[in-house]
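My questions all concern the structure below.
To keep things simple, chains are lettered A, B, C, D and E as they appear, and every chain counts its residues starting from 1.
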Amino acid sequence: SAPGGGSGDGAGQTSLTMFHWAGAQGEVPKKIGDAYAAANNIKISYIEGTNADTFPKLVSSVQINAQNPLLNLGFFNGQSFANGETTNLWLPVPDSVANVAKVLPDYRIASGHGAYMVMDAMGLIYNKEAFPTPPTSWAQLFDAKYKGKVTTWDAPAFGVNALPVIAKLNGGSESNLQPGIDVFAAAAKAGQFNGFISSLDQLRQQLIAGEVVIAPGFQGVAEPWIKAGDPIGFAVPTEGVMAFPEGFQIVNGSTEAQVTASAALMNQMFDPGNVSAYCAATGTIPLVEGATLGADYADRPSFQLSTVEAAIKLDYPALVAATEAATKSWNDQVKANI
Amino acid sequence: MTALVKALRWAWITACAVFITAPLLIVLVASVSTDHVLTGWPSGFTLEWIRTALSYEPFQVGFLYSIEVAALATVIALALGVPAAYAIARLDLPGTGLLRSIFVAPLSLPRVVTGFSFFVLYVSLMPTAYGTVGGVALAHVLLLLPFVISVVGSGLAGLDPQLEAAARDLGATPWRAFRQVTLPQIRLSLVIAAVFGFLTSFDEVDTSVFLMPAGTTTLPVAIFLRLEQNQDPTTSAVSSLMIAGSLLLAGLTAVALRRSGLFGTGRNEQKEQA
Amino acid sequence: MTASASSIEISGVTRRFGAATVLHGISLTIAANSFHCLLGPSGCGKTTLMHLLAGLDVPDEGTIVIGGTEHTRTPAHRRPTNLVFQSGALFPHMSVRDNVAFGLRSDGLKGPALRTRVDESLELVAMGEFAGRMPATLSGGQRQRIAIARALVKRPDVLLLDEPLSALDLALQLHMRRELKRWQQETGTTFVCVTHNQAEAMEIADEISVMRAGTIEQTGSAQELYAAPETRFVAGFIGENNIFTGPGPVIDGITFPTPAADGQVLTLRPEHLRLVEAGSDDSRGGVRVDTVGFTGRTIRAGLRTGTGRELLAELPAGTPLTPGAEVGLAFDAGHVYAVPS
Amino acid sequence: MTASASSIEISGVTRRFGAATVLHGISLTIAANSFHCLLGPSGCGKTTLMHLLAGLDVPDEGTIVIGGTEHTRTPAHRRPTNLVFQSGALFPHMSVRDNVAFGLRSDGLKGPALRTRVDESLELVAMGEFAGRMPATLSGGQRQRIAIARALVKRPDVLLLDEPLSALDLALQLHMRRELKRWQQETGTTFVCVTHNQAEAMEIADEISVMRAGTIEQTGSAQELYAAPETRFVAGFIGENNIFTGPGPVIDGITFPTPAADGQVLTLRPEHLRLVEAGSDDSRGGVRVDTVGFTGRTIRAGLRTGTGRELLAELPAGTPLTPGAEVGLAFDAGHVYAVPS
Amino acid sequence: MRSRRLATVLVAPGTAYLILVFVSIVALLFSYSARSERTAALVAPVDWATWQNVLTDAYTWQVLTTTVLLGLVVSVLTVLVAYPLAWCVHTMRRPWQATTMLFVIFSPILVSVVVRTYGWAMLLRENGPFGSLFDGWLYHQPGVIVALVHVELPFAVFPILAAIRSVPPELGRAAADLGAGPLRRFLRVQLPLTMPGVLSGIQLVFALTISAFATPALLGGGRVTVLAQTIYQSIQQLQWPTAAAQAVLLLILALLVLTLFTGLARLVSGGRAAR
């Protein structure tokens, strides 16, 4: 069969390929998709995966054959949004997706390519024993008190390793990450880092064991750990969390029928009720008006609209453009000294 | 054997056994401990993770899919690799050393590269192969061939070529001579190559990720995706189940092979003369 | 117990290993139903020739015709031949019985018929009770006998034997010679047998070929080779011989009744030498007794002429001899043969 | 070229493989400086005994003393012995030269001294020009010679040879026998040599032990064994013999001058038989000529008595004989020996 | 000659696959690496800029050096552990002991790599079961090496074991008889004759090590970066040309070292290993 959804309506039936994230993050999209497929005689296949693996696959499939993308509709993060923009990967969201009008104004995409639906908040994850009172500032990552007990992600995962945040707080920006790199480099030289991590379970293990006491991390990731009773906490720094928006994109090269179906499906996804369900399942914060937090999160300050509004928002296109050069500097100045 | 040699021998065996099993024991303990993340002595015993692993649907589906892929890939790799290893080892081909290196070289490509390249090749040249069991298996063959060529090749190197000549002289076709005289003598190498190959294919993530169609995953990919989401001992439990399952399988195989003498008689008889 | 006998015609067969030519255009015809022995010094190419006949190797030049059909390039398993390997080449992973049964199984034989044939063949080499043993636990002679049984049991048209009895004691050798001869006559098989044992060749063979450095020097019956060797090499190789080179009539201090013609040497068999008192009338020259050995029936004396040449004499048992003694050498003129050198 | 010669004392040595006992409490003393041959049928335990002497195997019972020192359990590399393996056991990955040099290098020898010794040893076995070859490219006899050279070059106190000449042609065998004997006498080494060739043993050995099924039947000089065998087995094994079992005086249709005592058998060597006209005065019984073979010097005739017993006669060359002829058997009374059965 | 033809027929299917697949991949990688345009399309204008960048990038060379050194260290260490272990297993008298040990040696490859490294992280931790014995190993080079040796041990033990089993015991005895002590017997007879197995083991381990991604990533703590990681990053960044050039570079080096091993093995074994 063809790699993607293909034009695939030989039998008169439209077939659609949708990409969602793994585990709990796939449950709601899949449920909505199945219901939609059943109701509209559409065949939907699902690609379950991570952004890191699926995005390159998608891009190369389109580069090889622009008429036959690997998938038609997918859930992506801000970085992929920006990345796809540069490779002409996305279609504008059709007008028929009326629900995108409900997305918070701060999180709308100017080009109209895709729409953010939820965001995760990146703040500070910490070991409760080392922090009887939660940390309050991003600067505590570099506090000499925690020498050798800090970690973060290695390059080029700058969307999640706090480099852009630190750069911005030190007078830099997404397109000028050097101030941040300087801070990291100094810290690396001083032996601040226990090492860099490359998987979440590694982070969890190190935090529990106390090898690491503080690290930048997502609320959505920490939530299940906290629920499981780990001695772990999530803190919102006074400078604000970093917003990590996530949403849907329709892929260029899909057939008209596929675009139509994708649009209809996407509209359902952005229905405030469905967004609420998604947030409840994944511990993320809705970016769609009318969506409500689940009972679990309703009274948690870090999930409130205020957090969203105070969040540090990244200029993803700028960050993506700067990544290659920043990676080089990171390797030379930070990694070399760790 | 002198007492010193005996002592050294047992010391080495014990040291190696400890070295090999220590990290695996931790995995085993973690998979039956109540702790989500083991950091010290387990705080309690539970079969919860094992149960979760057994009942998690992507694991079940992935397991069967993985078995299919691994079995197919192993069979193809053996069919392609054994004759090649035989020819390289036995017949006077020029440049055999380089040939062997070339057959092993694909193993040194990072799996992402292999996976990505296969993805590109399939999508652009062989769309029908993409996302099929055969397509994934065919890609895995590239990783399995080195085991077959290398291990079987080294097994063949020690054999006396005159024996096959004797078999042919007695009326055996080259194929029969190979099957009845050469194969039994390199049985150990074949089994090893097959097991290496099977497990490598079974455990392959990066290549598979690029080649799996929508809606399917192999077991290791399913494990990988689950780890992205849940960082709990369920994945350790899968490994524990793998060890237990293989132990069972190995036990059965050993019993079967003992009758045909792989670990048994032949060697011991030779040794008695020593 | 019959097999269609086959003659063998070898024409111009040459075999090279790298730069070395091991067989130089050998031509030889072996009659069907006959027992042919190949005799020659170590390294002269006997095994190489056997492998060519068996189809385990292909000649660089020349043809091999067996039973009227050309077989130069026929692979081993399609030839009507079987070879007893010089090295035995027993399958180490099979029991003695399975080794012997291997060839028959290749032909599709099974069940009691197979078993009978195998047992019969094992009995023939007196190894019946070893059927269940693995080759690694056998002695050298036992292994060799299994190798014979394994080839015999196939009842080929042509049986090739490469030094089949070299590891056996004399009693067993004699027994096996008789058995092989009997088998050959009963089945009408053509036997080609490499041996370094001249007694064996002479006892068993209808015809003998003497090889030397990749060529065949002479082919003929035992008597012919013994009595009328065509070359000096054959004269020296078939039986033992003392060979005298030089114009004569006095060579190495020994006076011969007839001088050697140009390009000829004189030969004298050890059993035709007598020792007499030094300087006596009979004496044709003085020699010193070097070594004295006892063979049972005769005494073998190593002699040394004044010029340092070594001679061998085979004397009746009981001849009194002491090493170091100076004696005279005597012989009848009729026992001196001249052959091309 | 000297080595401290060593005597060997073997006492009560037993060796078992699983349930089978291969050596049954063997005791044997071999004098220092002597050339001792072990003779015995295939599978009687000769190789096993050699391995025990070389330290490649350890007896289950008994002791081995070499040169006055107990060596029963000394590992092979610390014994003053070297073994020429029956199978050769050449190192396949080393050239001929490196094979021969291996033992000397183990002793730390290097440079020109090493080279001289190796070359000398290769010359001794006439393999000098093969020094650079790999064993796989050698013929059977060439391999055997390298095995000899490899052990000889070490100049051990005790040299053990397991059928060292079995793959060589007679001319080379004779040459090698002389060389070995010379070497043994010059260096004063103790040689223990397994052979199935009685002629070889008789020519070369100071003393011979006849083995049978894991025991030693008799030890003595060649003459002793030939003339006065102590057992029927030795009588039949040393040289060829016709053995008559039964109360006598008429056995198998042959009339003997003296009857055999209880527990004895009568022996008659083949060379002591004559064939006469059937029914003539000389004839002591009628036989049929079965086979006629020519050995060069003599004719070997296979005979069959009226009762079907096979006899062997060795007759002067030229005796006219046709297979199938009925003839009379004659012999001198003095040639009949009685030995324990 | 006949055997030549047979050889060709036998090598053909495997080689055909290798040519179809491996050569296509190498050609593809090469084509990717010779373009500056970031497209995965099969054809694109040739441009050597990427090669220039990669070859002049000090960081790439540093990572490449780390990768190859890690490969060498791990493969040598693995063989050093594996050889005696294989011998120990070979000399085990009771079949059940040997079978058990064989299973133990096999067991690491039954455990998924992530889980296995988790086990190692637990073991090597400062407050782990061995206390401070392995201080500074975790998230540093030694930890990566230990974990790699662990998982690649079976790939060395089994070929070596198969080779040891195929050496006629008589040869060792002959060497002993000629006065060679245990060490000499090993170096001059046993080792050369088992060299095909050692070669096979060291080649497999080396190839597996330099392509390893997860173990260095998880246990290297960012301090041990191998080329596989860099390539992975380049792919995630959609920098196909860079990834391809790095992969080709790694492949060339791998081939070089693999062939070097063959030559070394031939040297040790006096010409037999490659047969």
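We adopt the following convention: a residue touches a chain if its C-beta (ideal position, glycine included) is under 8 Å from a C-beta of that chain, and two chains touch if they have at least 3 such contacts.
Only a predicted model underlies this, so the values are computations on that prediction, with no experimental measurement involved.
Looking at the partners of subunit C and subunit E together, the chains they share are B, D.
Interface comparison, B-E against A-B: more C-beta pairs in contact at B-E. Work out the mean CA point of subunit B and of subunit E, and you get 15 Å between them.
Measuring from the averaged C-alpha position of subunit A to that of subunit E gives a distance of 36 Å. If each chain is reduced to the centroid of its CA atoms, subunit D and subunit E end up 55 Å from each other.
Shared interface positions of subunit C, i.e. residues touching 2 or more other chains, are given as 75, 87, 137. Within subunit E, residues 40, 42, 114, 118, 122, 127, 173, 193, 235, 272 each touch two or more of the remaining chains. Looking at subunit B, one finds that residues 39, 116, 120, 124, 174, 185, 227, 270, 273-274 touch two or more other chains.
Within the complex formed with subunit E, the subunit D residues making contact are 51, 54-56, 75-77, 81-83, 85, 87, 89-95, 98, 102-103, 106-107, 134, 150-151, 154. On subunit E, the positions that touch subunit A within their shared complex are 38-42, 59, 114, 118, 121-122, 125-127, 139, 217-218, 220-223, 225, 233, 235-240. Residues 17, 39-43, 46-47, 86-87, 137-142, 144-145, 162-163, 166-174, 178, 181, 196-199, 202-204, 222-223, 226, 236-240, 269, 271, 291, 293-297, 300, 302, 312, 314 of subunit D touch subunit C in their complex. Residues of subunit E touching subunit B in their complex: 3-4, 6-8, 10-11, 13-15, 17-18, 21-22, 24-25, 28-29, 40, 42, 81, 84-85, 88, 90-91, 93, 95, 98-99, 101-116, 118-120, 122-123, 127, 147, 150, 153-155, 158-159, 161-163, 165-167, 169, 173, 182, 193, 196-197, 199-201, 203-204, 206-208, 210-211, 213, 227-228, 231-232, 235, 243-244, 247, 250-251, 254-255, 258-259, 261-263, 266, 272-275. The residues of subunit B lying in touch with subunit A in their complex are 36-37, 39, 116, 119-120, 122-124, 127-128, 130-131, 209-210, 213-215, 217, 225-232.
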